[in-house]
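Have a look at these structures, which come just after this line.
In the two complexes that follow, chain A is the common piece, with chain B as its partner first and chain C second.
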Partner chain A sequence: MALTIEQPGLLTTVQDQGRIGYYNVGIPQGGAMDQESAQAANKLVGNTAAEAVLECTYMGPSFTVDAPTTIAVTGADIPVLLNGTEQSAWTRIELAEGDAVKFGVLRGGARFYLAVRGGVDVPEVLGSRSTYAIGRLGGVDGRKLEAGDVVPVGSPVGELPSVAEIPESLRPALGGDQELRIVWGLYDHLLTDEGRRRLVEEEWKLTPVADRMGLRYEGPGVEWIQREQPFGAGQDPSNIVDAGYAVGSIQVPGGTQPIVLHRDAVSGGGYAMVGTVISADMDLLARATPGTSTRFRAVSMEEALEARRERARRIEGLWGL
Partner chain B sequence: MTEQSTETMYLPTARYTWGGDEFLFVEFDEAMNLTANYLATAVAHGLEQLDLDGVVDVCPANASLLVRFDPDVLAGEDLKRRTQELEAQARTATQHTVETRIIEVPVWYQDPFTAEVSQRFREGYHQEPGGSDLDFAAKVNGLDGADEFVRRHHGSPWLVSMVGFVAGLPFLYQLVPRERQLQVPKYLSPRTDTPPLTVGHGGCFACIYSVRGAGGYQMFGVAAAPIYDPGQELPDFEDFLILFRPGDLVKFRPVDEAEYRAIQEQVEAGTWRYRQAPVTFDVEASIDDPESYNRTLLEALDGADN
Partner chain C sequence: MAEIQSPLPGVFYRKPGPDKDPYVQEGERVETGQVIGMVEIMKQFTEVHSDVAGTLESFSVEDAAMVNPGDVLAVVDEG
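Here is the complex of A and B:
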């Protein structure tokens, strides 16, 4: 069983829950940027949370299948076309041998997920099937999909669930303004009080520079404390001696545009991080489109952990359907 | 301790802070120095030995340590307490040594590949668009031209003080007193392209770009053999696709075009091996008298086979 890719879409990659344990040598976590949506797709086709899916960005691929199978599409709002007829997303779709699937024009969100019953079955590299394109690792030949690729699909691992559709109440909201909760820390002491105030009280807009590595925002800028730079740290007040980067951390090179690092980010570098988006809000970033008005709201560690538990309960509810 | 020892084991207390709900960050010093790097390496090693449930990634860096953990399994405050205990042990240990190895890395300095790419990123990118990166590096270090800079670059060994940025990229810190450190500002604006295996320099750090891509470090040459081998085709990569580990020592050896080509042929044939030898790196010996200690380190390579 395989998908034959006719058109690859803008940026379609194989992703799973990520590659854990190699960050200390610069190999990023990777994995689906919107984990909750990817899990919903896996749920609908009878996979576990660990099966690899296709992450599609803005424009979808088109493909045919060489055997009967079951798919589901979740995440961003996009028409799913089966042999030219629109199907519901967030719903299980049965395919017959030779069926052709393509996608219409995106109506909201940024990334959508295609799960296939049995999971995308490219070889595991360092414990994951996720694509790390810079390092030419994982996925299909370590790169995004290209026309003519044949994407292998594994054998079904479990029964199909009784539910064939994810209820509206469990689907994420798309579009509109975003609020991202952050925990102060790391090098926030290098910002002036005014710099800190602007980051969490002013409005920021997502720029088009937003990908799997990170998302860049424009707004009023921040202010750094002027100081004599420590040896080895570089001349700009936003520079530090190169250090490990937390996934979700916010850096503001030069003080102008904050960048939130996401799952394919570089693992370290010389820009001061001033706070970190909480784990419960990382999926939100994957759904933001350029121009999205964004506020960063500072929360305590207790609030961050409570939000984490709430997200875990929501995902548990999804698997309990 | 002599007057050149701007470094001691007695750094101020480390700074503990959080990167959201999944990351603990420990800064041993704001400034780069061997002691802070040793503490990062030693505490990271201690955490790996402890093998605590819930620790996901232990990432030592130049003068800091980043630990990823799963707060559903291990409370952040518990991880912090265990890390502080390891820090105290590392500070009070009677010996500050690292069992490691020294690796010889052949470099073609002033090569045509980095020269071509640097020519595409001059105006608006570089401090001195009219000259080469090496000319600029020599000038800001008060040295007598590119050749003198290159001689200093490969004259003393380097410590891999961090691995990261992208897969397998080593940050390197030269084992010389602070006043003799080569320091060069990064490009004014990062390039969108860097040849693979470029030997670069930014601030006090050298690096070797493991893969082609964006980069802001000045470019001085190319390493002749891979340091990242995702297909694991060369014998040095049989166990793991990345060559360098934090704590490795590196001796750069200048090669000319003919030797570069010869090494490339060995890489193509799958027979290339790095010359390397095991060493015990004594941090205090290196801080106290780097010149004579470096001779001791380099002697280890003399007996090494390819």
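Here is the complex of A and C:
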């Protein structure tokens, strides 16, 4: 069983829950940027959370299947067209041999997920099938899909669930303004009080420079404390002596445009991280379209951990359907 | 009248490069499948094609403007 890719879309990659345990040697965790949506797609087709899905960005691929199978599309709001007829997303779709699937024009959100019963069965690399394109690791030949690719699909791993559709109440809201919760640190002490105030009280807009590595925002800029740069740090006040980067950490090169690092980001470097988007809000980031008005709201570590537990319960509820 | 929509978000350009001529000028004829501009997102440039033949009446957005999926980029008078 395989998908034959006719048009690849803009940036379609194989992703799973990520490649955990190698960040210390510079290999990012990767994995689906919107894990909650990816897991919902897997749920609908009788997969476990571990099966690999296709992550599609802004534009979808078109493909045909060489055997009957079951798919589901979740995440961003985009028309799913089966042999030219629109189907419901967040709902299980049965395909017959030779069926053709393509997508319309995006109506909301940024990334959508296509799960196939049995999961995308490319070889595991360092314990994951996720594509890390810069490192040429995982996925199909370590790259995004191209026209003509034949994407292998595994054998079913379990029964189809009784639910064929994710209820509206469990689907994420798309569009509108976003509020991203952050915890301060490790280097927010390098900002002036005014710089800190601007980050969490002013409005920022997502620029088109947003991908799996990071998302860049424009806004009023921040303000740094003037200091003599230490040996080993660059000359700009946004520079530090190299340090490890947390997933979700916010750096502001030059002090103008904050960048939030996402799952394919480098593991370290010389920009001060002034805050970190909490893990519970990383899926939300993946749903932002360019131009999205965004506010960063500082929360305590306790609030961040409670939000993480709440997200875990929500995902558990999804699997309990 | 047919509207040409952007299939994706990004920055719309009417020219293939900064020093190049626009793909097409307002009032000029376009053929089905002809490139009328491109949209840049994530360091990738995606060409935008006209689905119809006719006269490109007007562009609906400025050169180098931010566009969203479904935004009308240009209007073509079919025929």
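Simple rule for what comes next: the second predicted complex is superposed on the first by the 321 of 321 C-alpha atoms of A that agree within 3 Å, B and C clash if a C-alpha of one lies under 4 Å from a C-alpha of the other, contacts with A are read in each partner's own complex, and residues count from 1 in each chain.
Everything below uses one rule, namely that contacts are C-beta pairs under 8 Å (C-beta built on N, C-alpha and C of every residue); 3 or more make two chains touch, one makes a residue touch a chain.
The model shown is predicted, which means the values in this text are computed figures rather than measured ones.
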Which superposed partner A:175 touches (first chain B, second chain C, both, neither): neither
First, second, both or neither for A:106, with chain B first and chain C second: second
Touching partner for A:59 - first (chain B), second (chain C), both, neither: second
First, second, both or neither for A:291, with chain B first and chain C second: second
Comparing the two partners chain B and chain C, which touches a greater set of residues in chain A: B
Contacts of A:127 with chain B and chain C, given as first, second, both or neither: neither
First (chain B), second (chain C), both or neither touched by A:304: first
Chain B versus chain C as contact partner of A:167, first or second or both or neither: neither
Residues of chain A that lie at the interface with chain B and also at the interface with chain C: none
Sites on chain C touched by chain A in the complex: 5, 7-11, 40-44, 46, 66, 68-70
List of chain A residues in touch with chain B within their complex: 20-27, 125, 132, 134-137, 142, 182-183, 185-186, 230-235, 239-249, 266-270, 273, 276-279, 301, 304-305, 308, 312
Chain A residues within the chain C interface of the complex: 10-11, 57-59, 105-107, 110, 208-211, 289-291
Residues of chain B touching chain A in the complex: 17-23, 25, 27, 29-33, 44, 56-66, 68, 71-72, 76, 162-169, 171, 178, 185-186, 202-205, 210-211, 213, 228, 230, 242, 244-246
